[in-house]
Amino acid sequence: MTNAALTPDPHAWLKARGRWSPFEIAFWAATLLPFFFFPSYLPLASQIAIAALFAISVDLVLGYAGIVTLGHAMFFGIGAYAAGIISSRYGWTEPLTGLLFAGLVAGAVGFIASFLIVRVQHLALLMITLGLGLLTYELANAMSWLTGGTDGLMGIDIAPIFGVFNFDLWGRTAYAYSLAGLFVGFLLSRRIVHSSFGLALRGVRENVRRMPAIGSEHRVHLQKIYTISAALAGIAGALLTQTTETASLQTLNFERSADVVVMLILGGTGRLYGGILGAAIFMIARDQLAGINPQYWYFWIGFLLMLVVLTMPKGILGGLARLAGRRDE
Amino acid sequence: MFKKTALAALGLGLALSTSAYAQETIKVGLILPYSGPFADAANQLEAGVNLYVAKHGDTVAGKKIEFIRKDTGGPNPDVAKRLAQELVVRDGVDIIAGFALTPEALGAADVATEAKKMMVVMNAATSVVTEKSPYIVRTSVTIPQVNYVFGKWVAEKGGVKQAYTLVADYGPGLDAEKSFAKGFTEAGGTIVGADKTPVANPDFSAFVQRVADAKPEAVYIFIPGGAQPAAMGKALADRGLTPPNVKLFGQGELTHPEALESMGDTANGIITTFHYTLERDDPMNKEFVDGYHAANNGRSPDLFSIGGYDGMHLIYETLKKTNGDASGDALVEAAKGMAWQSPRGPMSIDPETRDVVQTVYIREVQKVGDKLQNVIIDQIADVKDPNHGAAQ
Amino acid sequence: MISQFAIVLFDGFAFGMLLFVLSVGLSVTMGLMNFINLAHGAFGMLGGYVAVTLMRQMGMPFLAALPCAFFAAALLSIVLERTLFRRLYRAGELNQVLFTIGSVFVAAAVATYVFGTVQQVIPMPSWLRGSVEVLGLRLNVYRIFIIAVALAVTALLVFGLERTRLGAQVRAAVDNQRVAQGLGMDVERIFAVTFALGSGLAGLGGALAVEIVGLDPSFGFHYLVYVLIVVAVGGLGSVTGSFVGAALLGIGDVAGKYFMPEVGSFLIYLIMVAILFVKPLGLFGKR
Amino acid sequence: MTAAEPVLATEALQKSFGQLQVARDVTLSLPRGARHALIGPNGAGKTTLINLITGQLTPDSGRIVLGGEDVTRTPVAARVRRGLARTFQINTLFPDLTPLESVTLAILEREGAAGRFWSNIATHSGAIDEAFDILTRLRLADVATRPTRTLPYGQQRLLEIALALATRPKVLLLDEPAAGVPKDESAVLFNVIAQLPDDISVLFIEHDMDIVFSFASRIIVLVAGGVLLEAEPSVVRNDARVREVYLGQGTHG
């Protein structure tokens, strides 16, 4: 009955799914283009890379594990402040260790929050993530002795990377640093997505009721990915603090949480590249539209979002995949 | 013939080598929160800028002034920094200006220093702003500037012994509370209670009730402009906390025209401190206000408008003084000590701190005709920010 | 002390009732169609601008402007529901979030273009200004008015849901859409009507809110969070839930700030997280 | 545990939803290698009983003993890891995963390797081989790499069983494995079930009496939440009460 020609080789098939495609290699090569062709856009490119890393962190929980969150700026901001505070209050200016520290702090808070998060679903989940985000914002505002309150944290000073590369006016170092951060974060996420743990997460997303019936402690999975995601978001926040030498309450606010979800859905969830593409499109569109008309640009952003939903319900990457006739994965 | 060509060539070479001198336009980058919750501040500030340009032409010292506008979306220092970088490296601006909010100014300060560009702060009112870069000049106001002397005035001339303070819980509010309390207590007054309201506060009734419970002789209030003053005024009126039952003091935002209209007669008698008074009787101010009304559908100028207007004045006058040299060092040098008559009254730039020095007006809400307005009852000339001196 | 406490309760309750009128429509429509409409607050903004414009430009009295705000929001919502929103009922919650956030952006830009960024002032009639003395308490007349309107809205909604044919259909559809469809009900039509009613109420709430919280183009975003809290804490599809949720939020907010001003601003979020953790469906949610 | 000891036993299980009693005093035991059928009219509480045994529902009173250990309060997933697997009457699969991925996932969960995020899925070659082996046995090898939602319904029912088998169960509870499958296809499905290893104990719910009588070694008749009769097929076939229940209810098949 089994036809050898039709029967797939399971090992080869699974291996192929984790293999780097030429598109991916071309994509990452293309991220170097701004250095040569758009040198005056490097500060923007740097902030796009940071937003993209943040979007990837949200994709891990939202796209791969099905946890819808409206409060992820909480971890972005905690990372931003952690990196800022060790520099401005404790004089620790070395950037790489600062990044790690911020990731650890955000991850620790994420781990604690995960006990709440994995026990609720749907609207309650949305509102609890939103509530925790707002709570953190108010807390940071109240703790102005530590955070600087609404004026923002002052006196952040970041040493040159490896003691050599100073953050310059053109944003060359900032972009190289943010891009490296994004790439490492992406590699880690890609590894997770193509691991057995990534498969388990997709299982949770696809059918949370079935998971216990195959013997899975799915809440442990969810806590683990939530913690990892929080740490990544924290590192994204720390990158923003270090590349701009600023940290403000705006890193924690609801708008940032909403924006990142918007970027992710815009690009397409559950694809890693969706977050990167969404962040790039959203921020470039905003920059260009705001350049044309600083007062009404958000009309066109709103228009774009509505248009994408009506024409490409699976996000831009989903739409592209469909156009290319590829199997929708 | 030959001589002429050589001269021309020489001139060209000179022009190329010092393009900053010879270029035909001067680019000014405006960094403001054009969108988001502070969009109104950006609009009013820009209207002030536009009015100045409309009145004085877009050419100064033989150079055409060109604006490039950038939106921060709110108090985002990271965005403000990026926009300042882009303005410098991509758009090649000569001057960066705007900055309605302190975090915006703090974010961009490093860029001004590194790029050696003059940075004109047209609003952001925290003392520390001008200390963040030697290229920053401020044309607006600082919160301690108007509130420290006001605290003294309330105790000395207002005859108040005890006051309760109620301020918005953010940088400017805390600054105001601190400087008012300092002036007030130094002049012999006592602060009997202090509360802070959340910045995004839809309902003041709980805080006002706390104030009412304390039955203070006087209340000092600082809240951001916009919707809050009217809401605060009404909450106070509900508790009977209106003059003459209790003396009400505050910074000028509390009694802006829209707020007065919404509060109605209960606002009568509120005393505020400010650097700009819409109704101040002065021909220059009248011309400014009339021009503003005409250009903005009858909307009145406010503190943002005057900050933008005087900011442009500073830019124009310094350019005249440097003969069109837009390098940051030259402009800042020219700005130091510059003094002029503004619609707000006499003002100058402190050569030491590059911060604004001006007259502080004490105003009382009174009924003039059938309209409530702020009437100047006292004024204190040449007030500097008290914090800069203290730091030295 | 007792009287001060009573005043705090009164003020909080009045604020809560304002939130109730703003949010009850969203609760019912979300319960009915699982449609996450983040643009709900934008209908409130529309109502506010309609009321302000009618009163200031055309001198219409406040009491006449309120129903106009209701109908304007209801009318626009019918148009949008028929042309746009209905395409999204089966689109998944993420797309609903994206689309409705997009429409709030558009609404805010249009409002900025038409009305500018300035804070709008509503000229209150003199009989709604000031305060009256009731049982030894000085109560703000306008807040009494808001409570009265909210109670009237509640009474109408409860009566409508319990006693009318449409109400019975709505309740059946909230409980179980599939069964309702099986019984031959036109769920889409029921939803369109409910959606219009809910948006109209938001418009009414927006008009009522101007005097208390002001009105500018960011209204749609600003009150979204409060509206969502009321809906989630109260429970989807429950009028009673929204009423209790809104009252709790209003009173909790004001009382928290009165007794513990240092933590007042995040007390409500803490309470919300706690309630939803214990009761994920909200206080009165059924599913 | 001796051979005679049951692999799975329930003792006086009780469960009510408000006034409605859905399990009354259910005492059962399943010896090693059992092929028991659970029958009863609609609403008799068959699926509820399975939910109680697997832990989706918690009994009001009574005990559940699995392999000699009390698991009455043990969470679902932990019971699965102790060898108690089930299938669902309504497909409860992973629509966007392929059968290969689904079954591999179940195996990795069993091995405790599903939490490893640092190595590629392809490195778990033992699990992949085992998954493919299970799929081959259930005649799903050809479609192993197609998304589950694109499979024909009958193959999805087979995947339900494959997922349960991947947990290496000692006890397998099949909730109407052939529900909705045309009669000729359901025979294929039950042939697969018949070929299950002897050491697995099977309890299945089925409406088709022909299938029940040809596959079950023992039949449990459940009526209104209580056990009416537990006996050999021949006894059940001739029991007057059973006939009455079925004919009286007008239930066919």
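As written, the chains take the letters A, B, C and D, and residue 1 is the first residue of each chain.
Rule of thumb we're sticking to: a residue touches a chain if its C-beta (ideal position, glycine included) is under 8 Å from a C-beta of that chain, and two chains touch if they have at least 3 such contacts.
None of these values were measured; they are calculated from a predicted model.
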Identity of the most central chain, Cα criterion: A
Centre distance in Å when chain A and chain C are each reduced to the mean of their C-alpha atoms: 33
Intercentroid distance (Cα basis), chain D paired with chain A, Å: 41
Distance between chain centroids, defined by C-alpha means - chain B, chain D (Å): 75
Chain centre separation in whole Å, for chain B relative to chain A (CA means): 37
Interface hub residues of chain A, defined as touching at least two other chains: 138, 141-142, 255, 295, 298
Overlap residues in chain D, where contacts from two or more other chains coincide: none
Shared interface positions of chain C, touching two or more other chains: 112, 265
Chain-to-chain touches, reported pairwise for every pair that qualifies: A-B, A-C, A-D, B-C
Complex interface listing, chain C residues touching chain A: 30, 84, 87-88, 91-95, 97-99, 101-110, 112-113, 221, 225, 228-229, 231-232, 236, 262-263, 265-266, 269-270, 272-273, 276-277, 280-282
Contacting residues of chain B [partner chain C, same complex]: 36-37, 39-40, 42-43, 169, 195-198, 200-203, 205-207, 209-210, 212-213, 226-228, 230-231, 234, 237-240, 258, 261-262, 264, 266, 297, 299
Chain C-touching residues of chain A, taken from the complex the two chains share: 62, 68, 116, 119-124, 126-128, 130-132, 134-135, 138-139, 141-142, 254-255, 258, 261-262, 265-266, 269, 295-296, 298-299, 301-306, 308-310, 313
Residues on chain A engaged by chain B in the complex (per definition of touch): 39-41, 43-44, 46-47, 138, 141-142, 144, 149-152, 154, 169-171, 240, 244-251, 255, 290-291, 294-295, 297-298
Footprint of chain D on chain A - complex, ascending: 1-3, 6-8, 10-11, 13-15, 17-18, 191-192, 194-200, 202-203, 206-207, 209-218, 220-221, 224, 228, 327, 329
